[in-house]
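Across the two complexes that follow, subunit A remains constant while its partner is subunit B and subsequently subunit C.
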Partner chain A sequence: MFLGNLGSLRYFLPEIAVTATILLLVVLHVASNRRTSAAPALLSLLGVGTAILLVGVSPAGGGKSIFEGMAAYDGFAVFFKGLTSLATVVVILMSMDSTELAGRSQAEYYIFLLATLLGMFLLSSATDIVMVYLSLELVSIPSYLLAGYLKGKEDSVEAAMKYVVYGATASGVMIYGFSLLFGLTGSTQIAEIGRSLVAGKATLPMLLAAVMAAVGFGYKIAAVPFHMWSPDVYEGAPTPATAFFSIGPKAAGFAVLVRFYYTVFASPTPGTGIWHLTTSVDWPLLFAVLSALTMTVGNLVAVKQNNVKRLLAYSSIAHAGYMLMGFVLLSSAGIEAILFYLVVYLFMNLGAFYVVVLVGNGTKGEDIADFSGLGSRAPFAAVSLAVFLFALTGIPPFSGFIGKLYLFAEVIHRGVYWLAVVAALNSVVSLYYYARIVKVMFLEEPKDTAALPVPAVTRAMLVLLVAPTLILGVYWEPVARIASNSVKMLAF
Partner chain B sequence: MGFIDNHILSLMTFLPVLGAAAILCVPRGKDDVIRWIAAAASFLPLVLSVKLLYAFDRSVAGVNVAGQFQFVEHYSWIPSINVEYFLGADGISMPMLILTALLSFLAVIGSFGIEKKVKGYMALFLLLETGMMGVFASLDFFLFYVFWEVMLLPMYFLIGIWGGPRKEYAAIKFFLYTLAGSVLMLLVLLALYFNTTNPETGGHTFNLLHYMAQSTHNGWLKGFDVRILLFLGLFIGFAIKVPLFPFHTWLPDAHVEAPTAISVILAGVLLKMGTYGLMRISFPIFPDVTRWFAVPMAVIGVINIVYGALCAMAQSDLKKMVAYSSVSHMGFVMLGMAALTPTGMVGGAMQMFSHGLITAMLFFLVGVVYDRAHHRQIDGFGGLGAVVPVYTAFVSFAFFASLGLPGLSGFIAEQMVFLGSFDVFRTIVVIAALGIIFVAAFHLWALQRVFLGPLNPKYAALEEINAREVFCLAPLGIIVMYIGVWPMPVISLMNSSLVHLVDLVKAVI
Partner chain C sequence: MIEPPAYLLLSAILFGIGVVGVVARRNILIILMSVEVMLNGVNVAFVAVGSYLGDATGGIFAFMVMTVAAAEAAVGLALLIALYRIRETIDITELKVLKW
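For the complex of A and B:
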């Protein structure tokens, strides 16, 4: 039933490609440490590109349990590997464009980035609580380093410090919860744990375990009340790293969240696409409340922000709240909605950050006021940012609307009306702060009227991010089908 | 010609946005080229709408009968969730399609005076026209919703960039209000989707006509409490657009700050979408709740009439006065519809059409004087009648049309509303009829202060209305007069559909 170590390797090729690239980067770093070299970035692109290719051609044939039950190889994991590598490619290109990172050691930066990617690969496929913990740390530790990469910049160092302290606490609590599960069942395999837990017995330890695990995962996806780190980290970290945090680790966090809870505390009712709870722990209600809190706090606090990166940090908290709605519904359509949302979120959120990098390069500032008059200083970038922001708001005909539609639809389908109403009202609030940026870009006259240069490569990248945001708003059937197939192949 | 005949509604909807795309390709600085492309892109739908008018069969009803819709285009769009590209026209949408085409073209011509960022203005305007046409042509709720929302963005920018001194506040207020209404509509849309089945396929559906067949509703959706909630959700969404009291507070801000041509579109077309939505969606899907809610709707209508007129009277800004007069006039539409009689319903629809024309004239005329005097204070003028006689004649004509002078279209519409609703709600109608006095009062009082009395020497050299402005106003004036004398062409256009709608709502389910 489990594949042995050697037999598993053919299902592990993307990870091997990323690992090999990391090792090559280390060698490159030792051999030549010229700080202006583009070689590390290009090598990373090549490595991640290879990984995407390998994800694309990876052998089909249903779910497999690989490495003696440590990880799963299934459509769900493949989906997340593809998604996170795609995000990494965009972030690498964004990093090459950013002047923030110029003059700092390049190879190390990309080593950390790729190590995080490797962690995300493992996190989205982990099926053993030890593996879950280790891969979570593999995502976290390079992230701390990335956040503090601007050595000497106070914000950046503070961000890294905060990130470490919060991260260590959260994962400590989580592993305590895991130890309870191990104590109750005597197994570290999540499928085995799920089978052993019996409703009505040991309710309190089970509740504790469910809540404590939620702390660790909630921290990774920045759900309220475990979100405190994210605004500071997002503001202090180099902008490309912030963009990366806002989608990569968040997506991997959702992957493990779904896999863990839907295996340990729920089990599918065959042929219906619906899960039922196996224990008396009502974690969906817990997460439904967290979801409502997360989106409300994220949106309300975002209204007050003047720093665009901080604003986008709160906005990404709010988006985690929307996505959590899909998680609490115990239906495959709910999970599909999350996957679909992550795809559209990838493009619109990275796109927004791309323009922030561009403006940061030109104005050396990242306050809303620095965007004033962007509509006349760099019309193309300004229009792109407007598209991304309205997509984030969820207004048709942009892709964000379709993402929200799928989430709202399933919430209503499953009859959780109060959550749908909260989310709908939140959408209206979010318009207010997204529109603030649009307002200064188009409705206000710039203080400095000089045109902001937009290099041709950046222009091309923006086109590549705007295009899916527009196209998926009008025709999204293929992506919906991919999301649906990935969930069907969710084998635990 | 086969292609045009088969896709006439699609062409009317998407020609403007194609024009917008063409405009974006024009190099900077060629403003005149941009203006003429915009004029062409909005003129073609107008030509098509005339063709539509001649080809339209006035004897069939439509409303909830799929086979009776005309110019139908029906394709699958997103099969996995059964979204359809479903366009069609009947007597409810025909007047609105024609009104939209006409006012859009005139508004483009009226915008030729815009000098700031012409390219962006015209492109956004044409995108707005696509949204408006799409709303009136859609028979799929999802499609309807998308077009409904597509209008928000261009409107936000058109008010926010080209508007008056408080444009930023007005633009975001408009945006937030409307979005709040639309998310409610979205929730209702999803609730309807999951609780109805398409009788042909057995799957869920967004097709409005399926929603209207009550047999497609499941048990949950048959519960009266649920239906009331869903109806009210939709009603608030539409009421914000109309706008009905107490959701009207965005209107004075948006209308006053918007540039002239955009105020024309806002008042002439966008307000009608609220009442159109009630006729097209709320009434036929929830006939039982409509009957239950008829009296509150009539009361809200009367509040609009009286309150709007009183507010208009209190204004010192001419444009704000005209904006509040819209609140008052839309109250007549609501009152006529709430009566649920054929005469009332036709009167309401007639008022939608007639008010679209009259208010467009009023906003154009306010724009004319603002362009010259750079203010709109009613008390800041005086005696203009001697200086600009032609302009004065146009304003007097529009004001009299607006206050309901017999022989002009507003009179016909309001009389039909009163005739149709008097037997149903006597007290309410009596109050509404008294409201007419206020309506007349603020028009005449403003007319007197601006055009009569001693001449304000500051404006002794005021420039007379020019040919382009007359070109925008004359067609509207002619139609207003024509309908006022011989309303049958418009009434027969919508009569079968609206009579059928009333029967549908009255039929007990």
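For the complex of A and C:
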């Protein structure tokens, strides 16, 4: 049963709040001649804060199909809306701190940021291939502009240009796959396509469609071999935008990846929490190979990076590889592990970028050498960064360990031992390059010994990001419960 | 009336030309044009299937794709101009400030 357009509006309040904020920002941008005032940032904080509240109090009774079947309203979508808007709040605060963006037009920046957020909301709830395509582009196009926001700076513009070329090509390939699905089934609803494909026999077009869709989604989550854009974009983009790309669009990409493949090419076995393949296309194997490749390439190339933003880009590619492990298992526990990992990853990764912004403000550089002696120049920031990096490695008692534990446990439970071995070896490699930054911070003499100023807001934000990273390492049960409730409502 | 397979073949050929253009050409302007050719190949497939099934969805999807393609081209060309002002080249192999 599909809800009509008017009836759907009450399930669409967070999106409406974000849209209203974007429109207000446009008006503000036109009306005000002070292009660098803090008003746009505060207005977008207010808007996203309202959206989070609306997500929090959103009407229960998930599993509704809204706007005539265009989008789903279920716990899965609500989870991702909460996650992405939380990330956006942190990124807005980070942008207010950053000196990179100071002096540039503020309203436009926040318009692009919120437009991307709106795209992520829609992407995580899309249930129609038209909607999947449009919301994927709504995430991509403002992202290109965010990456190139430092206009006049060579590497920012170059990064954005590469992003456009890769992004446009990848989404073009994806939509060709969608046209094959439409041709095979005559429907654009993913649930309907899934039902029609069960009876289908055309293996080659189905295989092509599955692979081509994987190109578009793989580009969004930066999985190897569609990751080529990500290191350049992460290095060239303003640091807050980089932090945003590393969690927001990636999380939304995982949401649509799970929803699309688990609806179109698989079907749940009632009462077991296990899905079974409905076609002869063995996409879990394809993604298992991609997962192994993604984490291996990400980790091995990260080892020899000297720019911290680029290093974190490869690290985020590697983390996408870990999370893909949960995706190939066809079990609800696997998806739960992805959701839990995304929550943990949100805090530790944004935290690491926060310190990069801080150091970038102070030293005007982002190389590992710029972090030398941070332990004496800004002890609190250095200790926080060490916590985030060890959490990213997955060392107990930090939250990253619990996240990995869930993923590994389910991989072993489903008997994909080779993937677990590859992932374990990768974790060892990752310790090397994370520990290298920690070593530089605490054991090397700084060129400039003056204390690095840490503003009060930054200090408070670091505390707010360190706390969950530590607490989720020892008391993670509530988040795990939210994750498992969100998966239960996936099917409708 | 021409049967759908002919149109689907046309769509595959257009898409293929676009992909080759993206991969083989070095001028970013041509690459962006090749992306448009890819998307038009997709449009042909949607319209052909839609008209074969007597379903308007295919045509509507094609309109959506065109809209997105226009937005993408606008952003792509704007960035290209910004890039040209700094670098005075639009050759993609010259973009190597950032590399691993």
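Structural remarks
The rule is short, and it goes like this: the second predicted complex is superposed on the first by the 488 of 492 C-alpha atoms of A that agree within 3 Å, B and C clash if a C-alpha of one lies under 4 Å from a C-alpha of the other, contacts with A are read in each partner's own complex, and residues count from 1 in each chain.
The definition used in the following text is that contacts are C-beta pairs under 8 Å (C-beta built on N, C-alpha and C of every residue); 3 or more make two chains touch, one makes a residue touch a chain.
As the structure is a prediction and not an experimental result, all values here were calculated from the model.
By the touch criterion stated above, A:G373 is placed in contact with neither subunit B nor subunit C. In the superposition on chain A, A:G82 makes contact with neither subunit B nor subunit C. In the superposition on chain A, A:G152 makes contact with subunit C only, while subunit B stays out of contact range.
When the two complexes are overlaid on their common chain A, residue A:Y432 makes contact with subunit B while staying clear of subunit C.
When subunit A is checked against subunit B and against subunit C, the one touching more of its residues turns out to be C. Residue contacts after overlaying the shared chain place A:P240 against neither subunit B nor subunit C. In the superposed model, A:G218 makes contact with neither subunit B nor subunit C.
In the superposed model, A:G351 lies in contact with neither subunit B nor subunit C. Of the two partner chains, subunit C is the only one touched by A:T169; subunit B is not. Once the two complexes are laid over each other on the shared chain, residue contacts for A:T188 go to subunit C alone; subunit B is not touched. Listed in rising order, the residues of subunit A touching subunit C in the complex are 129-130, 133-134, 137, 141, 144-145, 148, 151-152, 154-155, 157-162, 164-165, 168-169, 172-173, 175-176, 178-180, 182-183, 186, 188, 231-232, 235-236, 301, 305, 310. The residues of subunit B lying in touch with subunit A in their complex are 77-81, 145-146, 149-150, 152-153, 156-157, 160-161, 167-168, 171-172, 175-176, 179-180, 183-184, 186-187, 190-191, 193-194.
Put simply, subunit A touches subunit B in their complex at residues 390, 395-397, 401, 405, 408-409, 412-413, 420-421, 424-425, 427-428, 431-432, 435, 439, 442-443, 475-477, 480-481, 484.
Those residues of subunit C that touch subunit A in the shared complex are 4, 8, 11, 15, 18-19, 22, 28, 31-32, 35, 38-39, 41-42, 45-46, 49, 53, 55, 57-58, 60-61, 64-65, 68, 71-72, 75-76, 79-80, 82-83, 86-87, 92, 95, 97-100.
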